Every structure is written in structure tokens, then in C-alpha cells.
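These are the structures, in C-alpha cells.
In the two complexes below, chain A is the common chain; its partner is chain B in one and chain C in the other.
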Partner chain A sequence: MRVEYINPFVESAMSVLQTTVSSEVKRGAPKLSNSINHIMGVAIIVGLAGQVSGRVIIDMSQETALNIASSMNGERLNTFDELVSATLTELGNMITGNAVTKLHQLGFKFDLTPPALFMGDNLRITDAKIEALVVPLELTEGKIEINVAIKENY
Partner chain B sequence: MKAKSDFPSLNPKEPDGLKSDGTPYKVMIVDDSMFVKKQLIQIFQSEQYEVLDTAGDGEEAVEKYKEHHPNIDIVTMDITMPKMDGITALEKIIEFDKNAKVIMISALGKQELVKKSLLLGAKNYIVKPLDRKKVLERSLNVLTR
Partner chain C sequence: MNQVENMDFRYLMQNQKKINTTSSSHKDNKNIIEYDFKIVSFKIGDEFYGIDIMAVKEILKEKKFTRVPNALEFVRGVLNLRGDIIPVIDLAKMFNLGNGKKITNDLQSIIIIKVENLLIGIIVEQIQHVIPLRKSDIQPPSPLLGSINERYISGVVDINNRLYVILDTDSVFSDKEKAKKETIPQDTDLTEEFFVYFVNQVEELCGVHINSANKGKFRDYYNEYVTDNNIKEMPKVSKEIAETMVNKVLSIHTDEFWESNLIDRFNDSAIAALGKICSDEVRVMDIGCGNGFETFSAYLAIHNSMNGAIVKLTAIDTNLASVSSASGLVVDGNIIPSWMEKQKNFIEVGGNQYKIHKEINDKIYFEFHDAKNISANHKKFDIIIARDMSLYLKEAEYITFIDEIADRLIKGGVLMIGDNEVISNQKFTKVNADRLSIFIKN
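And then the complex of A and B:
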């Protein structure tokens, strides 16, 4: 997978998180992920289809998800209710929307699915024949992983 | 004990949400995301706007606009929503009241849709993530134009 594809998502995630969650976001080293990925507990998944296809997963622990939703709402949220889901879905929308603008400017044309929110312990995801790149981001609220698997369609 | 008047006022300007006669502008917020709805309510209420009503999809928005007309000053309209999208709802509202003041709320990456809604009669637009200052500036701009 080309690194050009993941950078817009990571940059977008950093700028959206800096505006809506906390000013300190540290970017970790990217790693190539094997075909089976472990999900930390909460995953926001957005699919891509068009000239390129694949998916983006924004992955974090349940605790981090609650911390982030709390920061975005300016109040402490302790349970996964409708507001927390709406907040995390919106986070997914903002991060991917922003990144797609950049990729469209680079000439890649594709559509996005609305974000789907997955939650659970011991979740794993398998991608058929697409390798994934993962970039960890460190915030005061916890760790987030931006996991991107995209391939070009010829 | 200190009275409120003992503190210097850092923000001596009148709240944006009040008309010159002191009554509040009335806003309707249309968005399917509870999070965005809540954010907008907080922003508008902080400047003393009256949040008259909210709607979660385009159909509800059109219905409620007709119900409240002419008692509604401004509408914020999300673009992507279930049942009826914000652009169709905008069209129907403008059809009903050609002077309706509608501001589109858009995710990034939807420039084409924003352009389309401006051509259809939306008065302005705001791109998410919502910035309090931008929301207030653009709303006031639309209201006082």
C-alpha cells in the first residue's frame, strides 16, 4: 500500500483531534500490519469505494473513547449512550471527510460510507489481500490508532 | 462579597442573539447527529439566541419550518441526513418561503453539494468541525445582511 494514502488520514486526524479534543497529539511511527488486526475495543470504520477501495479504522480502547467523547462534549460521559455514539461517529465523519478532500485534490476519486461504530472485547478484523498501515497517535485522553488499508482498482 | 458589577467586563458587546429591541433571534437546528445538535444549541444559547426547535431529518425540518413560519429567523441545515437530505429540505423551504434564511452545515469534502445549496438559495455555509466564532459570525452576517 502506498504511504500517500495514509498520510492524509493521519494529518486530518491530528488536526481534527487538536481542534476538538486536546491540543497535544503525538504521532508515532507507522507500522505495517499483518492480515489479522486486533481491535482495542472501539472501532470507527469507514469504507472507501471508487478508483481506490478499502477501509479506514479509527481504533481505541473503550476508556479512551469515553475520554475523547467527554472532551468533545465538554462534560464527563461515563456510559456508552446515544450521545457518545453520535460524538464518535461525528469524529469519524470529520477525520475522513477532511482526508478525502486532500485525496480528491491529488486526483483520487472515490466515495465514503457513513461511519460504523463497532464495540466489543477481543475483536479482530481480517482484510483479504490488502495490507494495512497503522499509525498510532498519543493524546492525553489515551492512544488512538489510524488503520488504513487501501488498494487501487485498475 | 463582590457584586457582579465589581468585575470588569471583558466582553462589553451585546449578545449576538438579541435584536436591537432586546428580543432574541429564533433559530431552528436541523441535524441527525445528537452531538452536532448539542454543540450548536450550546453555541447559540451562549449568545442568547432562542433555540426554537430542532429536527433530525429533512422531512421533519420542512414540516417544522412551515409550522413555525413566520416566527423563525434562521435555520442551520445539515446536508447528509436520513429520509430527506438537507439540500432537498432547503429547496422545499425556499419554495415555501423565498426569504428563508438557511445556513448549510457541511462535512469537509462536499464542496459540490455546498455550491449546489448556495445556488438553490442557502445564505451561507459552515464546515465541520464547528468553530464557535465562525458559527456566530456567519449567522449574524446572514441575519443582519
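And then the complex of A and C:
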């Protein structure tokens, strides 16, 4: 992962979460992970295309997902309904959209696919031959992991 | 001593109360009882033991220690306690209390005791508490009691219906120490043990790996060190010594610009081989680029020697901080060697501070990438520079790593590893190079 790509994603995740979810966001040290990743329960996936190919996964547990959706909507949501999924996909959109805007300013051209939401127990994700950057974030609502894997197309 | 006494203050107080009540019921109308003796209690097997607190220097919980090969059975290893090397002894083994319970080697509670100016660590299964006692509570050992030989026991005490055997550390260890000296013949060759111990210490202090790829040179430097310092006993390893040793193993000009001497040797071997497979464009990968000194040196060296060929360089490192700062590396003008043509390739940013030219910087991709996941990279390269990677990878990881970078090189591609590293992989053939380790992919 090119170092230029890292900051836009980390910064945008931090700022979006700070403004929409909770003001206290703690960032852990970014890690590199191999191709197989365990998903905590809910994953918002946004594909990247254009100059690069790759994807961004925003991963959290179901409980965290409900907490975050509740905070974003300003009311307590207890069931995983359409409102919750819509809120979470919007969160995914905001984080990746923000990051891609920042990358555009640096001269990198990325396109985004609409976010998809995956849910389930014991989920795993595998993408062949790609190393992912994992940024753990700690909120009062719970733990989120931003998992970014980008492959250069040249 | 404070450390020990404060170990479990609350428990101590409770215990003291309990002892107060039990003993005051025995001993008639004395309200205030003075304790003149404290023991640290611990458990071995199913029995409880105590050691006079005055003999205890320190208690270490979950401390890692280094094993010593070929030592006496009850000597479990040695421990580096702030620079002091302390033997660690397994009391269960020493007293033949081995009741089949395996003690793992990693993390153990260790009591450091002092016997005649000698520090000894003893492994115990479970450290219990500090218990205050009166000398008069201690009953002399019965000859029939306990598994430990009678003369090592200074007494037995009953606390809350539990018998604690109080060990006489002086007699236990001074005896055994003598026995130890007798059992090891003076002329035994311990060099190998010392070396293993030294390697372990260096690995622990510097966070590096000494494996088959770099052990040969490390051994040479170690032998040099032993002769120079006339070392006949277990070598003491400080962080300083460890770092000096590691620095000796590192290749020339690590974390600094390459000097023309190295460039000449690099041209004779690596560039000569590179010239056979490419001319206009060279794809380079620099693994473990650190702060970028190696990256910029390699870029300019290849660019100059290949008659201005386009160099596409990917530089990777797992240290996010250093790889992020590498592209903006600012250096003092005086450390830029003349072959790097300061005026042409660098821009002055003020006060004799120089930055690499943007045009060059744009051709270098700095990536946050782990060498262990090198197989996830799908690109092909003409030359890979991976100096001293063996220090940062475990033996097996390094072997896989070398195997995997072979797939990243085109046929005839060049691999440059650390000056002091040795590899044996069927996919590579070694090239004759003056003090450099250059390989060609078959």
C-alpha cells in the first residue's frame, strides 16, 4: 500500500466518525494483514476502481453497528432494520467518499462503487494476492476496523 | 525490600489479625504481640514453603529467562536482571519433588534470593503471601517431616491449619553451589553454551533474529569479541554490546548514503548482470527501505550506471513512520557523497539542508508493506535489493521470503542481500562480487 494512500483513509474515517458518531475516537496503530480476514459481524464494503483496484471494508460487531446507527440517528435503535442498514451504508459512503476526495486533491483518480452491507456470524473475507491495511478505531460505541486493500493498475 | 513487603498489604493485615486471634487464645493475656520474622510463602507441588524475607531480594512475576544448554538438571537457565546474570533454579527438581507436573519454560514467577553475596533465582509454582511470624511460633523440624532433607529446613510453622516448611536458604544453596562447582570439570568446553546464550541475549535486547542466513558472520564477530575481551565466563550482554554486534552484521552504509567505493563494487557485479536483461527501463524493488537512504542511493546508482535508463522503484518497509518520512527525506548537504551530484539531483531547502529532486521522488513508490506478505505483490522486477532482511525475519520466514522474492524477479534478475548474509536456494546462482552478496535468478 503506497504511503500516500494511507493518510486520506485514516483522516477521513477519523473526521467522519468524530462529526457524525462520537467526538471521542481513538486510533490504534495501523497494521498490515494477509489476505484472509475475519469479519466481526457487520461489514460495509466499498469497491475502488479507476487508477487502482481494491476495496474498503468497514468492519464492526452487530452491537457496535446498532450503537453507531443509534448515535447517528439520535434515537435508540434496537433491531437491525432498514434504517440501520441505510445509516451504515451512508457511513461507508461518507468515509470512502471523503477519502477519495482527499486523494483527488493529491492527484490520484479513484472511483467508488456503491456500498454493500454484509452481515452474519463467523464471516471471513479472502481476496487473492493483496495485502490489506487495517486501522483499528476505538469509539465509545465500540470498536471499528477500517480495512483497505489497494492494488495499482499499471 | 519494600517491594516484597508491600506485596499484598491487605492480606498481610488480615493474616496478622488471624494470627493475633489464634495465638492470643493460646498465649494468655498478651494483647500486643510483636512479630520479629517474616516469610515469603510459595507453593511447590502440593506443599507450602517459606523463605525468610531477609534473604529475598526481589520477586519477579512472569519473567522470561534464557535456558542454558547442558546445565545441571535443576538449573533451569539464566536471567538478565538489569545487567546482572542470575542463575535460575528449579527447587522442585533440586529436591526431587517432581510430581510429574510440567513447568512451562516461558513465563514463571521467580523469587530472587541472596546467598552469601550471590543472587539466585528460584522458580516457584505459585507465590503466595508475606506472612509475619514470631520466632517462637516456629517449630524445629521433625526428622520425619517433608520431602526435603532435614538439614535444609529451619523449621515448620502452622498457620491457619496449613503447614509451612521454612527453608534455610544459606544451607540449601551454599551446599548446592559447592556441589555444582565440583560437578563441572574445569576444562569443560563451554564456548558453545556461551555463544547460544549470547545469541539469545542479543536477540532479546535488539529484537532481531539470528538465523542460518547471518549466523556465520555473527559467530566470527562473536569470536573476535571473546578474544578481544578475554572472556572466559558467561558473557555479560548489555544493550550496548548487543547493538554493536548487530551493527557489525549489518551491511555497509545501512541508514546512510552509499559511498563511491560501494557504488564501484555494485556496478561491477549487480549492474553488469542487470545490463544483460534490460536497457531502457529498470524495475527495482527495495525491501526494508527504512528512511530512504538506501532507496535514493540505489535509484541514482542504477540510473547513472545504466546510461540514464528510466528507473521505476518500489520501496517497502513495515515501519510506517520511517517509510512515510522517506519520501520527504531532508539531509545535511555535507553527508551527500559527491557521486550523487547534490546540485543536479537535490534541491536546497535552506540552511545547507537538501531534499531529493521531485522528479526523482515521483518515480519512487514508497509502500507500507510487510516483507512476510511479499507474495501478495503481483509485480515483476529486474532487481530486488533486500539487505539484512534475515535480521528481521525468523529462520523459516526468511527461507519462505527468499523463495517468494524469486517469483517476483524475472529470469536473469538480480537479487542483492546483506553483505554478511548467506542463502542457499536453488532458484539463485551467486555472482562473484567484492564483499557484496549478489545473486542471479536462474
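Note that the second predicted complex is superposed on the first by the 154 of 154 C-alpha atoms of A that agree within 3 Å, B and C clash if a C-alpha of one lies under 4 Å from a C-alpha of the other, contacts with A are read in each partner's own complex, and residues count from 1 in each chain.
Note that a residue touches a chain if its C-beta (ideal position, glycine included) is under 8 Å from a C-beta of that chain, and two chains touch if they have at least 3 such contacts.
Just so it is clear, the structure is predicted and the values come from calculations on it, not from any experiment.
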- Applying the touch criterion given at the start, work out whether A:Val100 contacts chain B, chain C, both or neither, answering first, second, both or neither. first
- Is A:Lys109 contacted by the first partner chain B, the second partner chain C, both or neither? neither
- Task: For A:Glu131, decide between first (touching chain B), second (touching chain C), both and neither.
- Result: second
- Query: Does chain B (first) or chain C (second) touch A:Leu32, or do both, or does neither?
  - Reply: second
- Partner touching more residues of chain A, chain B vs chain C, is chain B
- After lining up the shared chain so the two structures overlap, which partner does A:Ile6 touch, if you call chain B first and chain C second: first, second, both or neither? second
- Message: One more residue to check, A:Lys151. First (chain B), second (chain C), both or neither?
- Response: second
- Message: Contacts for A:Arg76 in the overlay, against chain B (first) and chain C (second): which applies, first, second, both or neither?
- Response: neither
- Do any residues of chain A touch both chain B and chain C, and if so, which are they? none
- Across the complex, what residues on chain C touch chain A? 318, 320, 323-324, 327, 365-370, 372-373, 375-379
- Quick one: in the complex, what on chain B touches chain A? 33-36, 38, 42, 80, 107-111, 128-129, 131
- Query: Can you list the residues on chain A that touch chain C in the complex?
  - Reply: 1-4, 6, 29-30, 32, 34-35, 129-131, 133, 151-152
- Item | Contacting residues of chain A [partner chain B, same complex] | 16, 19-20, 72-74, 82-83, 86-87, 89-90, 93-94, 97-98, 100-101, 104, 112, 114
